[in-house]
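The structures considered in this document are given below.
Next come two complexes, and both contain chain A; in the first it sits with chain B, in the second with chain C.
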Partner chain A sequence: MATLAPPEQKTPTERVRRKGVTEQQRPLWLLTPGGALMTVVIVLPLILALWISMIDLDQYTLRRWVEAPFIGLDNYVESFSSGLLNSIWISVSFAVISTIATVPIGIAAALVTQNKYRGRGLVRAVFLIPYVLPSFVVASVWRTMLQPDGIVNAWLAKVGIDGGLWLSGPTSYWTLILVEIWAAWPFIYLMSLAALQSVDHEVHEASAVDGAPWWPKLRRVILPYLRGPVLLACLLATLNHINNFTLPFVLFGAPAPEDVNVMPMIVYVTSFQSLRFGLSAAMAVLSLVLIAIPLFIYLRAVRLDVHEEGGRK
Partner chain B sequence: MSTTSASAEATRLLPRWMLFVLTAVLVALVLVPVLYIVLASLNSDVGVASGEFWPSSWSLDSYSRIWTTADLSTGILNSLIVCAFTAVASAVLGTTTAYVLVRYTFFGRLTILRGLVGLQSIPGTLMLLPVFVLFSSAGNYLGVTVIGTRWGLFIAYLTFALPFSTWVMVTYLRGLPRELEEAARTDGASTLVILWRIIFPLSLPAIVVSGIFAFLLGWNDVLFASVLTRPETHTAAVALQIVGSSQEGGALPVYSQIMAASLICAAPVVLLYLAFQRYLVGGLTAGGVK
Partner chain C sequence: MNAKRLTALAAVTALALGVAACGGDDEGGEGGAGKTLNVLIGANTQYPDEFQAWQKDISAKFKAATGAEVKFETFASANDELTKIQTSVVSGSGPDVYAVGTTFTPTAYSTGAFVKMGDEEWQKIGGKEKFNPATLGISGPDEQNQVGIPWVSRPFVMAYNTDLLKAAGIEKPATTWDELTAHAKQLTKGDQYGLAIAYKDNFDPWKFVWGMSTQAGNPLVDGKTAKLQDPAVQKAYQTYFGWLASDKVVDPAAVGWTNPQAVAAFAKGKTGYFLLTTTTATNSLDQGAVKGKWKFALLPTVPPGATSRPANGVEAASILSGDNLLIADYSKNKDLALEYVKLVTDQDAQLDYYKKFGNLPANAAALQTLASDPQLEPVTEAAKKSVATPFTGAWADIQLALTNVAVQTLPELTKGPINTGQLDSRIADAQKAAQSSLDRAK
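Up next is the complex of A and B:
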């Protein structure tokens, strides 16, 4: 969070452009509590993370971390030989697959609740359930259902399929994706629904007059309206998938099986189980760099300041 | 289908049969696991462990036994205390911060707005270690115990909730006419009076939304709670996670109790959503985060 410059630094052009704003007595002091919190709990720790990533910090040096030996980029070099690249690949592929899979489900859900019918309110409420449930609850529940003798395997056995182990081995990767999809599709649904509702009624009527059948109408007329908002939602959803710690942590426990060792997990385990704090910080900083790419695109795409573009309301 | 007027027909995007099939599939996708949770919580531990869907013996045992199996009451109490304070503080701070950001211009304003959106995507795992080191340094160097107390958790949650709370308020306050404030200011009202008498009452729906999201952020967190708490200050999420992970390695299975605990932990969240559904959905799409 940026520190606030004194009020004198305002340029005259700014003053002219924003006439509605009171010039005197700007109560900038109201920003101090939030600013102080941000500084202490976000800015300082971020700087500290950079520092820790360059020192040799473990359980012995933790108490007096200020005196821990400085080792430059060694932790970063070691990250790459400690399986970080593998974790990045797991995280990114998991996030992208989850996002892609949730898009058709979310759009379909938005399409079926677009029109009024008796009971629609109830259906909409049901669609929000996976989203509303806390991640740790979702993970606990699926963990129970996917036990070797659990309900999922019992049902699969009835149709003659051997479910096998869901929570360990290579299958765990797909388990993570499936549960994430179950929990995350309502987000795409909400964003698509908001976009659908902004489609003008004239558009619907015009295409209805044309007598277009449903699929061309949907593809050519309606879906283009969804493209922008859904792409934005996808970007955000991907970020959320990459950052998701709770789901793999509660679903598989720590340390996680090799196949679901996503970035948040490897960072957590390296810190709080292997107690290699310096190494873990280096990994965390590297993962931030990775996240910065989609985040930057998102920040460019989202409209920050309606006032400056749309004028005073 | 009650409305079959021409205009409703025009906005119908899918053939009727497809609407029906898709709705049924999606509702089943959600409700079958949910139904299972409820049934399993009414089952016996052994019944759940052997993969029953319909309980062979129904009982409410799990709901009474889980309180001794896990330290759930302490967890829920701690969660409620920390999250309630986080919600109130975050909503109030978010409103005052947003007010300044919307009504005044100053150097760095756009940077702050950008930061509000960007900070929501900072990975918690990156912040956890340095926050932990910083909090334990407060103990070592300043003699203030932060780790293991509810205060530490409260400060962490408040800070991580603040960007979103502020962003929700920014989008809301933008749409608020400023005539009332201007009139009050001409009458000599100070900023604090204006905030208290005009802004707070007028933006109550948005304040509720930003408070609830702050509450949920704390309630749903496992990462910070698992490191920053002691057993006495465990949150509900940590209590549930500990029972869940203790199921491996031949321990007596308590799956039915875990299902009951899951429902108990989900209850406050679901109630909040049901009560404020209309506001919350708007807030979700505006801020774009969970």
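Up next is the complex of A and C:
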């Protein structure tokens, strides 16, 4: 840089630049440890996954994986004929339905525990139970309850309903959603509760002074505060649903019924039962891209920024 | 992994059969002192304390024989095991000895990362002839290329309720599948059912289909060709599904059962036969209402729809099931590894292991001593009549495809006789998957 600058301007410019650069770089230097960690933990594996997705890596080539034949995009092409599109559809629809269903439950629960009353602490604790239980436990318990001769069908039979098969066939899709909702709503609840707590007292007081009835107050005054955090919660929750492997795996086993062959399941089976590491890497990369595109557009569209929303008061 | 996942317990037990590795190497001319042999072995959740004691005992014996230490590393699931094998294969370092399920041996062989047993190696572990010949059936693609050293057997048999059969006037357990179906119909009345079957198990279904088809003369794989679209396979599925869908000789709840649940159902004493179980289920059965009222029997060996096996049919009483030991070819302690293998496959160690964990010896002499036990006689016979599943790296995919047919058909089983057209199209899908995997096999 210095050599490009005219000689007479060299000294002052350099000084100014140096100072500026150093000041700007200081926080960057502080980020180095985190950056290095990110590189090792995220970037390198991602690059490796991209590479694996373009080689024919399976049990036959695993031992000399560096020499595994490079096959370009063949794995990607094969992904589409291996049912990946169907799995993406199942995953996305399942995730969206689960999110939509958990939002009203979560917000309602947050509102219920917003005002002080005796036993509120207990109610809040109980609400968190589904969230703190490990996915494996949730799935095992539900799997037991939803057996053909399990407790759910026994109860349904008492009121004259034939529960049928929960864990096989088309019903399994709704079973997955049901259990996911049960396990995931407290996340929305937590985020909503946090947002509710950030509403200033003045707002409540002003509403009271104006004599606003509860519903208009909730709809026009309180809920707007929730918009940012809840949208963020929806995003995170949807991604969590899409990435949930434990729940379908423990509920249905592998191979899974076609109706719940979600993306993590198909990647798992391809990788660990068929031992097609290259193909499964391609599926994983495709899934990542396919989810990232709408996610990116969505993030841009809503300009999600909790601080900005919070600062609107 | 190999055999079905009986129960969480049985599966773990099965895996737990893993190997210990270590070996002294007197033949190698170096002492084992100061060396450590690493053995990868499945965790045993059924008998954790006994398993610890066994590891200690083996370590002590090994140290006495060779001066070297054995370090056991356990894995909790087939998935953990596979991950460990993958990382070890890629990095060229890891355990010296692995215990793997028999049906996983072809996959392990296809990685080319394990020691091929030559005459010298077999000699070092006490000779090939010390093993029950049937157990060597899945050690390699042929005699010259064997990597798997038989460690324990878990042949599949059926259990039957002696009281119920007697009450129904059945003198001895069925020996053909048709006879079994007839018995089951006789036994089904009120809250009592003829058969207990784990329809939702992730491993059981393919074993029925392979068995019946092999008995009918079609072992599913012929060289590089998958033969799933075959009348024998279709008949096998129809028989297997038919017990619930049309014969109605199985508790309708069985459509949701894994193998442990089927064990539990049979243990209640209300079911005539429990198909597909192993000696590892003995304890569970003896803790139930069925205690003292059950016996093992060979699974039928005459294919459905026949009264005798066709000329090209094979008397396959069970898949060749159990665990093999593999020695990693990156191991720097191969002689110690062989020494370890010798230790755990010798007669005394094998009988001790059977007493502790219920897995049959692969050692022929040890197996022979058990044959005199009338309760075990059918099981030892099944061990001898076990037939290896096709030795191809594609087998994992083929059994997955076969199981998938069952998984997708489950919802229809409770709705009456199954739709043949739909079954055929699912078998066609399985054929396609199997063939494409065989095409890739190297």
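Methods note: the second predicted complex is superposed on the first by the 248 of 313 C-alpha atoms of A that agree within 3 Å, B and C clash if a C-alpha of one lies under 4 Å from a C-alpha of the other, contacts with A are read in each partner's own complex, and residues count from 1 in each chain.
FYI, a contact is a pair of C-beta atoms (placed from the backbone, for glycine too) under 8 Å apart; a residue touches a chain by one contact, two chains touch by 3 or more.
Nothing here was measured: the structure is a model prediction, and the numbers come from that model.
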item: Contacts of A:Trp65 with chain B and chain C, given as first, second, both or neither; value: both
item: Partner chain(s) touched by A:Phe272 [first = chain B, second = chain C, both, neither]; value: both
item: First, second, both or neither for A:Leu85, with chain B first and chain C second; value: neither
item: First (chain B), second (chain C), both or neither touched by A:Ile297; value: neither
item: First, second, both or neither for A:Leu190, with chain B first and chain C second; value: first
item: Which of chain B and chain C A:Leu165 touches, first, second, both or neither; value: second
item: Partner chain in contact with A:Gly253 - chain B first, chain C second, else both or neither; value: both
item: Touched partner set for A:Asp149, first chain B, second chain C, both or neither; value: both
item: Chain A residues touched by each partner, larger count belonging to chain B or chain C; value: B
item: Residues of chain A contacting chain B in one complex and chain C in the other; value: 62-63, 65, 147, 149-150, 253, 272
item: Contacting residues of chain A [partner chain C, same complex]; value: 58-60, 62-63, 65, 147-150, 164-165, 167-171, 253-258, 269, 272-275
item: Contact set on chain B toward chain A in their complex; value: 1-3, 7-15, 19, 22-23, 26-27, 29-31, 33-34, 36-37, 40, 48-53, 93-94, 96-97, 99-100, 102-108, 110-115, 117-119, 121-131, 133-134, 136-137, 140, 155-156, 158-160, 162, 166, 174-175, 177-178, 185, 191, 216, 219-223, 227, 237, 240-241, 244-245, 248, 255, 258-259, 261-262, 265-266, 269-270, 273-274, 277, 281, 284-285, 288-290
item: In the complex, chain A residues that touch chain B; value: 1-5, 7, 9-10, 14, 18, 20-22, 25-28, 30-31, 33-34, 37-38, 40-42, 44-46, 48-49, 52, 62-65, 105, 108-109, 111-118, 123, 125-137, 139-145, 147, 149-151, 153-155, 182, 187, 190-191, 194, 201, 204-205, 208, 214, 217-218, 222, 232-233, 236, 239-240, 242-243, 245-246, 249-250, 253, 263-264, 267-268, 271-272, 277, 280-281, 284-285, 287-288, 291, 295, 298-299, 302, 304-307, 313
item: Touching residues on chain C, where the partner in the complex is chain A; value: 79, 82-83, 86, 89-90, 107, 110-113, 200, 202, 251-253, 255-256, 258, 261, 393, 396-397, 400, 403-404, 407-408, 410-412, 414, 437, 440-442
